[in-house]
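Next, two complexes with chain A in common: one pairs it with chain B, the other with chain C.
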Partner chain A sequence: MSLQVTLKILRSRPHQEQRYDTFDVTVPDAANVLDAIEQAWAHHDRDLMFRHACHHASCGTCAVRINGREKLPCIAPVKDYDGGEIKIEPLRNFPIVGDLVVDVAPFFQNQEASDFIITRPTENELDGKAIAHTQGLDPESAPTVPFNRFENCVECGICLSACPTMSADYKFFGPAGLAAIKRQLDKTTDANEREKLLHLADDEHGVWRCHSAWECTEACPQSVFPAESIMALRKEINAQRFKKFFRL
Partner chain B sequence: MNLYRPELKRFRFLRWFDFRSWRLGMLAYILNRVTAIGLVVYLYLHLAVLFLLAQGPSGWDPFIQIARTPWFLMLDVILLAGLLIHGLNGLRVALTGFGYGVRSQKPLFIALMIFAAIVLAVGVFKMFMG
Partner chain C sequence: MSNPPHVIIIGAGSTGSATAHDLALRGLSVTVVERGEIASGTTGRNHCLLHSGGRYCVNDKEGAIECIEENLILRRIMPHALEMNDGLFVALDDEDYAFQEDFLAGCEECHIPAREIPVKQALEIEPFLNPKIKAAVQVPDGVFEPWRFCTSFLATAKKNGATIRNFTEVSDLVFQGSAVAGIQVFDHRTGKTETIGADMVVNATGSWAGIIAEMAHVNVPVAPTAGVMVTIGTRLNNMVINRMHKPHDGDIVVPVRNTSIIGTTSWRVTSPDAIEIPQDQIDKMMHAGELLIPSIKAGRQRGVMAVARPLIASANVDARDFSRTFEAFNHRKQGGAAGIITISGGKTTTARGMAEKVSDVVCAELGISVECKTKTTPLVSYRDFYN
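Here is the complex of A and B:
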């Protein structure tokens, strides 16, 4: 079985007028939107700029807006948009390089500011359960084989695109950057390091700039809950101020 | 107008009203901003109306006659709705902002808006029937 879909893609190049191009493509009914974009590139326009890598939502590279909402097209089934035109636009709040490709440098700069690393510390358990209980693992060897787990955040930039505050304030540290600070904070008990991280978040363009639209958490394809991290940071900062004020 | 053109920075706020992205949290966000602007406009109107007091009964009494008309009372209904939405949603934002009820922000918004609707209904009844 195959599906006929019409893609309406925002085209742009530096110093050129933006326009929408439409492409009629045929894809298998199990195809995702990224497959349809690839069809458009392969059969209609080799100049079409888009970015992708893993095809299974672990790299976050392909993030775009599909019919106005931020999505990873590699896991967005075409049949979910059955019968209608699929409008594809680049992520918002990033400089556009061309077509669907945006410059994600500001995103990674903010991640780096908190010394964010992509793996968690070595773990002996999985979500609170000893890894020996995990199906397929040898119970004998499991306790002696701790593992490094990747963070849930795939660094797709969707949260920055969905954030309305980001639209109004490009200096805003952004949901992903603030969530990275929270994760770093959770990893350390060192007072100086915690002070440094909270100082980074406690800024006019930090946690206080968030106006609680919750779009980052809603749009996140990996259930990272960046908005909750922002609120948790505020709580920590308030607790710190309270303690300082009352000299506790 | 294409809002994705990076050079159109002064129109970025229009993205708030890009309804394709609206979810409940975003709706609450937009409602809070619209009601805030409405309440600021009301504040200045209120000051202008109070200025009529300085003109004595000749200025004030005709205004009171207008203020009792159903059309004017409708403005009071809008004002009350704005106050309730902004105030109660503000309470939600403050609570979640301090880390309380973060996971319940959606049900909290729905519950507070139902409460606002009930208070508004009582207010409308009092205004028009009381």
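Here is the complex of A and C:
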């Protein structure tokens, strides 16, 4: 069984006028929109620019807008867009490199500013014993180290595209960056490190710039809840100010 | 020859990325060209398993030893880009149970740390594991995230002076006499075709290596064999769960972040571009996964992907039995064009080792002698790629 779909893709290059191109492709039933984009590239236009790597919502590279909504096309089933055309456009609030490819450099520089480490000790979500790994070096050692896992955030930039503040202030640190600060804050007890992180968030382009539209949390494909992190950071910053004021 | 010599690497999968890092660290001038996004070929879509070698320790000892050596090195040079939770090999039936002896002997022979753990304990650690398992052995498997794996190598290469150009596709090679002296590329950003000169070209295009080799009028026997993987939208295991038997279709469940990925099958394809996934391959995966972790049946399929292995073809063997070890072809020595070397085969786990071997060949061809330092050099953050 297979599905026929028409993709309407926004094409642009620095040296070209923007335009929409349509591609008719046939994909297997289980295909996601990313597979359809790849078919368009493979069989119709090898100059179509799009980002992709893992095809399972882990690398975060493929984010685009599908029919106006920010999505990871690698986990957006074609059959959910029954019949009609599927309109595909690049993310908003990023400079466009070409077609569906946007420049993620400023975004990653923000992510780096908080030294956000993409692994973390596992929360015991499997309900099993979160005991230890051997680090591969000493299988005889007593289990002491908790399991680790990658953070939920795949750094896809979807929340920045969905964020109304971001389109008003390009210097805004952005939902993902602020959520990363919160994650790092939760991982450390070091007072200096915490101070540094809160200082980074406590900025006119930081947590105070957010208008609480909650679009980021709504759009995030990975249940990172950036808006909640921003609110929590505000609380922590206020608490710290309070302490400082009264020299507690 | 320019000073330092200029080497062009075609392809930014795990092989090309690790090679860029190795050569840049040796002080060479390096340019990487990749037709699309980093890791948009086979690497990005692989099963994310940092092999301990356990999977190969009975049938492919050479491959297994490479895996464990590289596994231990990667843990040191990119600790923040790995989930290091080990793996379990579990026996589901009597045949698997009988295989355990060979498996443990294989691990020992290949120096893979392995320990049997009581079934009760295994089920405590992995509550979703099939409760009927007959035995469990723990080995140091791990999990990487392919795009960040490659980007970490490239970020470090860039820090050491390398130029990385993605969305830049090689359309032809440039010759000086009969020797390759550079490449012709089409830059998708600008729409312009240009040539870039090089003292040496490394063809690290994996399943596409045959196409570049053809441009150099040489033959590389790549046999693309596809594999499918199914992602379940819940993490059902802490450790990598392998079935303890001879490698088979769908016998590994790799946990990544908030998902579990079942893989993988193996079938020959004619072109590695945009492989269409047959539904029966997906069904086969689900079934094999359910045997290991029954809750997979109730799980939500979150993604399905397929991609081709860049295996070196040898006549008359089953796709699954091709050696997983890699090969660096110095075409000049085989009577072909000078100035180009092809590196193909292998695994992402062994990318650093492959890079060391091909970089040694490159340096020997260029008549320079610099030691490889990648075993002990920590990689910078993948995000520094964007600095």
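Note that the second predicted complex is superposed on the first by the 222 of 248 C-alpha atoms of A that agree within 3 Å, B and C clash if a C-alpha of one lies under 4 Å from a C-alpha of the other, contacts with A are read in each partner's own complex, and residues count from 1 in each chain.
In the analysis below, contacts are C-beta pairs under 8 Å (C-beta built on N, C-alpha and C of every residue); 3 or more make two chains touch, one makes a residue touch a chain.
Being a predicted model, the structure only gives us computed values, none of them experimental.
Trainee: Does chain B (first) or chain C (second) touch A:Lys196, or do both, or does neither?
Mentor: neither
Trainee: Applying the document's definition of touch, where does A:His44 land relative to chain B and chain C: first, second, both, or neither?
Mentor: Neither chain B nor chain C is touched by A:His44.
Trainee: After superposition on the shared chain, which partner residues are touched by A:Arg11: those of chain B (first), chain C (second), both, or neither?
Mentor: The answer is neither, since A:Arg11 touches no partner chain.
Trainee: Pick one for A:Ile75: touches chain B only (first), chain C only (second), both, or neither.
Mentor: second
Trainee: Under the stated touch criterion, which partner chain does A:Ala232 make contact with: chain B (first), chain C (second), both, or neither?
Mentor: The answer is first: A:Ala232 touches chain B but not chain C.
Trainee: Look at the residues of chain A and decide whether chain B or chain C touches more of them.
Mentor: With both complexes superposed on chain A, more residues of chain A are touched by C.
Trainee: Please name which positions on chain C make contact with chain A in the complex.
Mentor: 36-40, 43-45, 48, 52, 71-72, 75, 80-86, 113-115, 124-128, 138, 140, 142-143, 145-148, 167, 169, 188-191, 229, 231, 235-239, 255-259, 261, 273-274, 276-279, 282, 301-305, 381, 383-387
Trainee: Along chain A, where are the residues that touch chain B in the complex?
Mentor: It is residues 10, 12, 18, 67-69, 89-90, 92, 95-96, 162, 164, 167-168, 211-215, 217-218, 227-228, 231-232, 234-235, 238 of chain A that touch chain B.
Trainee: Where on chain B is chain A touching in the complex?
Mentor: Contacts found on chain B: 2, 4-6, 12-13, 15-16, 18, 20-21, 23-26, 28-29, 32, 93, 96-99, 102-103, 105.
Trainee: Which residues of chain A touch chain C once you look at their complex with the stated criterion?
Mentor: The contact residues of chain A facing chain C are 1, 13-16, 27-32, 35, 38-39, 41-43, 46-47, 49-61, 74-75, 97-98, 101, 104-105, 107-109, 111-112, 117-119, 122, 125-131, 133-140, 147-152, 154, 222-223.
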